[in-house]
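Same chain, two partners: chain A is paired with chain B first, then with chain C.
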Partner chain A sequence: MKPRYAPYFFLAPFFLLFGVFMVYPLFDSIRLSTYSVRGMRHQTFVGFENIERLLADPLFWTALWNTAYFALGSLLLQLPVALGLALLLSNARLKGRNLFRLSFFSPVLISGVFIAVIFYLLYDRRYGLVNKVLGFEIPWLQDPDLVMPALVLAGVWRWAGFNMVYFLAGLQSIRRELYEAAAVDGAGTWQTFIHVTIPALRPVIAFVVITSMIGSFQLFDLPYVLTEGGPGNASMTMVMYLYKHGFEFINLGYAATIGWALAVIIGVISIIQVRFFGVFREN
Partner chain B sequence: MRSPLRTALTYVLLVFLTVMVLTPLFWVVSASFKPTGEIFSYPPTFLPQDPTLDNFTRLFQEMPIIQYIVNSTFLATSHTLLLLIIATMGGFAFAKYSFKGRGILFAIVLASMMIPFHLVLVPLFTLLYKFGWLDTYQGVILPYLASSGFGVFLMRQFILGVPTDLIDAARIDGSSEFGIYWRVIIPAVKPAMGALSIFGFLGAWNEFLWPMIVLRDADKYTLPLGLASLVGVYRQEYGMLMAGTLLSILPIMVLFLAMQREFVQGITLGAVKE
Partner chain C sequence: MNHLGKAPLIFGLLFLLAFPVIVFRGDDRSNTLEFWVFHQIHYDEYSARIPAFEAANPGVRIELRLISKSHDKLLAAFLSGVGAPDLAEVEISSVGRFFKGSKEEIGFVDVTDRIEVDGFRDEFVQARLAPWSLDGRVYGLPHDVHPVVLLYRHDAYEEARIEPESIVTWDDFVRETRPLARDGDGDGRPDRYPLLLSAHKPGHFWLLLLQNGGGMFDEHGGVIIDNEIAVSTLEFYCRLLNEERLAIPEFSQDPASFAAMKEGVVLGVLAPDWYIGAVRRFVPELAGKWRAMPLPAWREGERRTSTWGGTMIAVTNQAENPDLAWEFVKYAYMDDEALANRYRKTYIIPPIRSAWSNPVFSEPDPYLGGQFLGKNLTELAPDIPGFYLNPYWAEANDLLRQAVYEAANGIRTPTEALSNLAEQVRALMKDTPAMTEGGALRLPSPQIETSETE
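Moving on, here comes the complex of A and B:
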């Protein structure tokens, strides 16, 4: 093999798989979304009918609302927790630092299915640990108004330690002189935090906000196992709705349309966030 | 200088938070060894008063859990090995060669990391149907590997740090390009491969939705699929559910403890080095 062909040879496996299993399906999903598909062999072209149906589908809007609720709730609750954990652990002389970090991180290792099983028991109305500690019989998973907050809390438990690692790395890369200068200027703890730490962390905050938004919008396994989208459709998410149409009703055209709606929403949110944080702005 | 009071407060807060995070996990371990009656008792017992292995024996008797463990291990291991090959080869090409189209190809790799896998669930399913790959392991693994852009990017970052002199020296010694990859690059980036492999293994071990769509035959199920089906049948069998959960998360915890440093290094690279 000549050196000039070598890079193409080394890149071939990735681009081959990417082409067959990502690029081709992406185009195919555009085609599918203009068809009504009943089973594998019955396809009829329907043009924009799927999109019209989607916009008028109240259940789609419910799923979108629930997913947005989860994403926003996670953002507002989980990120401050993650940053707080990182700040607590940022002192290098802290004893047992590694052990604390490991504990906070451990839920990340667990599959959503097992987390759902654990929280299914934790949230049990009569026997769950949560209600035993609180001393009430709160119907976390049976009350339509409580089920999404319950999922957000489970999400905090699952992901806060993961994002903490990013914040920790970000905190460690802040130059010491910045803090020393702030101390010379007589800045208090809070002022230092607002005027030194937060601006210096901006790239990391941007990264964490964008990735956790993208992740949140793809929420599936937790509600699928924990609540099956219920009670009613109070915890139905977009990917669950996609799954239901694609693989339970075998309504592939409509499911592909939901997939595109999801992609457009994720894309728009990512662009807004990238602009908001000025990720590509020279500094 | 930090005041002693502040240090003490930090510790109190950290210990409290650690208890919050670990209690559910501790509860899983404790409940797996409790008889069903005790799980429901009030006030809740911290340690099993009457430890038993019943939950585990029933789990092994009523569910092909060993089969699930074997399947999960096979699937996650093959996924990880393929990911390592794809990522190191791609990363090597981007880091150490200049060639026509490098810029645009690298941009495609970066963009591929932004595409949500769920967007293509449906067309992928029809594609696998055409290939006759439904209910096969290659049907689970290969499409998932189309999302290895992150791995390619990660390995490129590490391979950039390998001295180009080493490569030139090998080339003068008459080594082939593949020989350079195999004998110079691979040994130099072993730690980074450790980080990527725990990533790949964790992802494949824990993935739920995609294997659920592809696999039909219950004998081919992975641990998450098996346990999810257990939830459907044994909604009230908390002890068995907890024992199954414990068995599923134990291997990954052990793997992580063994390789935690590489792992933390790997996940932060993307956020900080850019």
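Moving on, here comes the complex of A and C:
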């Protein structure tokens, strides 16, 4: 074998597996989205009918709104919490820093299903810890107006510690000279934070925002176990909606259409974010 | 190959060796049965019974697997044509999705003839064969009957001087149990509730609807969820929740509901046999305080029970040795001792009437103050209602959840909620008639009769 072919030889297993398990299903799902699939193997070509049906389906828009609500709620609540925790835990004078870091990070090690079960108990109207502490009987999971905020809060608990680690790493990589220069210029704590820390963390913030948005749009396990999409359809998310059509109704064509709609939405949002943060801009 | 040495050669040889091992598994699996179950209790039961089957059948091995989301995985295996086990248990609420498409696409072995040849068709409670039957063909054997009783707090009834015998109909129940639902602390809601009905999930409504003779589809596949029976049942359901406030709306079968039982907030539950096992497990401190009575009838002299939940076992059409699989099915599902043992552990009534003569079903139950629970349940079991399997079952059931939620929470009237549900199901059947054979909509034929009469 000629040496120049050797890399291809070693890379071949990856491309083979990637092709079979990623590329082929991806393209086949495009084909599938143009079919009405009923039953195990009964397929009928319907062209763009699935897309027309999707756009006219009120439940699709409900699911999209709920998912966007969760994504935005997570972004607005989770990231400040993660950054705040990172700032607190990067303070060298804080005792037991490592213990706190591990504690805040640990929720991400727990399966989503288990977290959902815990929050099911925490949010219980009569006996849940949350209402016991607040002193009210708030119907977190029964009220359609409260169920999404309840999910956002559970999401914050789960992911804030994880994103905190990224911010911690980002904070540690900021050059000390910048803080010293700011101090020499007479900048206060807030000014230093706004004019030194935030700009220096820009790449990390971009990464966390983009990955959090993608993750939020793929939300499934938490509402699936915690609320089953209810009350009514008040917490139905896009992936739950996809799952329902794909695996409960066995309408794989429509499920593929939902999947591609989700992929396009995530793609567009990610491109906007990449441009906003200037991720690939030089310097 | 100079600077790479022998690496490519070694990789090539390893690949050549591994490929046939992975792709052409040489082991003979015709004497091995892979069996998927979805519930820990079932797993424990079969784990204890399998060694005896293997001992009686030398060379046979049963690979029992407790699989999470087993229905999804089974469906994926049927869709792809590979990867299914030899045997699988399927839960009743999921079974509809396995019966879409043409008959040839059903992933389970048609066992109708085997049941006839073995001559035990009549031994089953016939209504329990219906959920796994299509066009008169049977694709699985039932694990259970799940007759429903009303579990009530005997001590509370005594304190309020309520005679359980005086409750024959649901109207009697409303009249007799009103004194239990008083608002003693003045917070605007009852301190105690004679019943638990979910305002968010359809399970309780569904079992009451079945008891009342209703259902989702009729024997010809027509939608009947908006008929007079369904509307009046849902109206009564909402009345118990909202006007009479005799039923607590916030729980279904969640852990908090057991806390409410412990606190004496919930004084009665609609309880299938398996749920009585759960109450016993999670609320042991109420031993001796519960009693079971037949469900109040909708009208005097009518059915005093319903059914909730269920499981079947099926041989998949990917089984290498269906005959052996069938032998195991009979062993696991029809052996009298196995069924008695199942009752001892789970309180689940088997669907085979001959098994009910086992003394275990006549033992007094200390948890229910010495009542003969097994005897009571087996007396009710032949009268459980049946319902018709339909290819649109999964979609209709999902819409039912929404309808019950809307009606119970005052978003729509029961009539509006059920009419909306029925319209959506009819539109679905009209718009997606891909489940056809030769262009005509395939409907389930009238199956085994819906309920047994002795």
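Following the convention adopted for this analysis, the second predicted complex is superposed on the first by the 275 of 283 C-alpha atoms of A that agree within 3 Å, B and C clash if a C-alpha of one lies under 4 Å from a C-alpha of the other, contacts with A are read in each partner's own complex, and residues count from 1 in each chain.
Here is the rule we use: a residue touches a chain if its C-beta (ideal position, glycine included) is under 8 Å from a C-beta of that chain, and two chains touch if they have at least 3 such contacts.
If you're wondering where the values come from, they're calculated on a predicted model, not measured in any experiment.
**Q** Would you mind checking whether chain B and chain C clash or fit side by side on chain A after the superposition?
**A** Chain B/chain C on chain A - steric clash.
**Q** For A:W260, decide between first (touching chain B), second (touching chain C), both and neither.
**A** Once the two structures are laid over each other on A, A:W260 reaches chain B alone.
**Q** So, A:H42: does it touch chain B (first), chain C (second), both, or neither?
**A** second
**Q** Contact-wise, after the overlay, does A:P139 reach chain B, chain C, both or neither (first, second, both, neither)?
**A** After superposing on A, A:P139 lies in contact with chain C but is clear of chain B.
**Q** Between chain B and chain C, whom does A:F15 touch in the aligned arrangement: first, second, both, or neither?
**A** So A:F15 only meets chain B here.
**Q** Who does A:L122 touch here: chain B (first), chain C (second), both, or neither?
**A** After superposing on A, A:L122 lies in contact with chain B but is clear of chain C.
**Q** For A:V268, using the defined touch cut-off, is the partner it touches chain B, chain C, both, or neither? Pick first, second, both or neither.
**A** A:V268 contacts neither chain B nor chain C.
**Q** Which partner, once the models are overlaid, touches more of chain A's residues, chain C or chain B?
**A** Touched residues of chain A are more numerous for B.
**Q** Who does A:I110 touch here: chain B (first), chain C (second), both, or neither?
**A** After superposition on chain A, A:I110 lies in contact with chain B alone.
**Q** So, A:F247: does it touch chain B (first), chain C (second), both, or neither?
**A** Both partners.
**Q** Name the contact category of A:N91: first (chain B only), second (chain C only), both, or neither.
**A** In the superposed model, A:N91 contacts chain B only, not chain C.
**Q** Where on chain A do the contacts with chain B and the contacts with chain C coincide?
**A** In chain A, positions 1, 3, 6, 9-10, 40, 120-121, 126-127, 247, 252 sit in both the chain B and chain C interfaces.
**Q** Along chain A, where are the residues that touch chain C in the complex?
**A** Touch list, chain A to chain C: 1, 3, 6, 9-10, 36-42, 44, 120-121, 124-128, 139, 142, 228, 230-233, 244, 247-252.
**Q** In the complex, go through chain A and note every residue touching chain B.
**A** Of all residues in chain A, those touching chain B are 1, 3-4, 6-11, 13-15, 17-18, 20-22, 24-26, 28-29, 32, 40, 85, 88-89, 91, 94, 100, 102-107, 109-114, 116-122, 126-127, 129, 132, 157, 161-162, 165-166, 168-170, 173, 203-204, 207-208, 214, 217-218, 220-221, 224-225, 239, 242-243, 246-247, 252, 255-256, 259-260, 262-263, 266, 270.
**Q** Show which residues of chain B lie in contact with chain A when the two form their complex.
**A** Touch list, chain B to chain A: 2, 10, 13-14, 17-18, 21-25, 27-28, 31, 39-40, 42-44, 85-87, 89-90, 92-94, 97, 99, 102, 105, 108-109, 112, 114-127, 129, 142-143, 145-149, 152, 171, 176-178, 181, 202, 205-209, 213, 223-224, 227-228, 231, 238, 241-242, 244-245, 248-249, 252-253, 256-257, 260, 264, 267-268, 270-272, 274.
**Q** Inside the complex, what are the residues of chain C that reach chain A?
**A** 1-4, 8, 11, 72, 75, 78-79, 97, 100-102, 105-107, 199-201, 250, 254-256, 259-260, 265, 391, 394-395, 398, 401-402, 405-406, 409, 411, 432, 434-435
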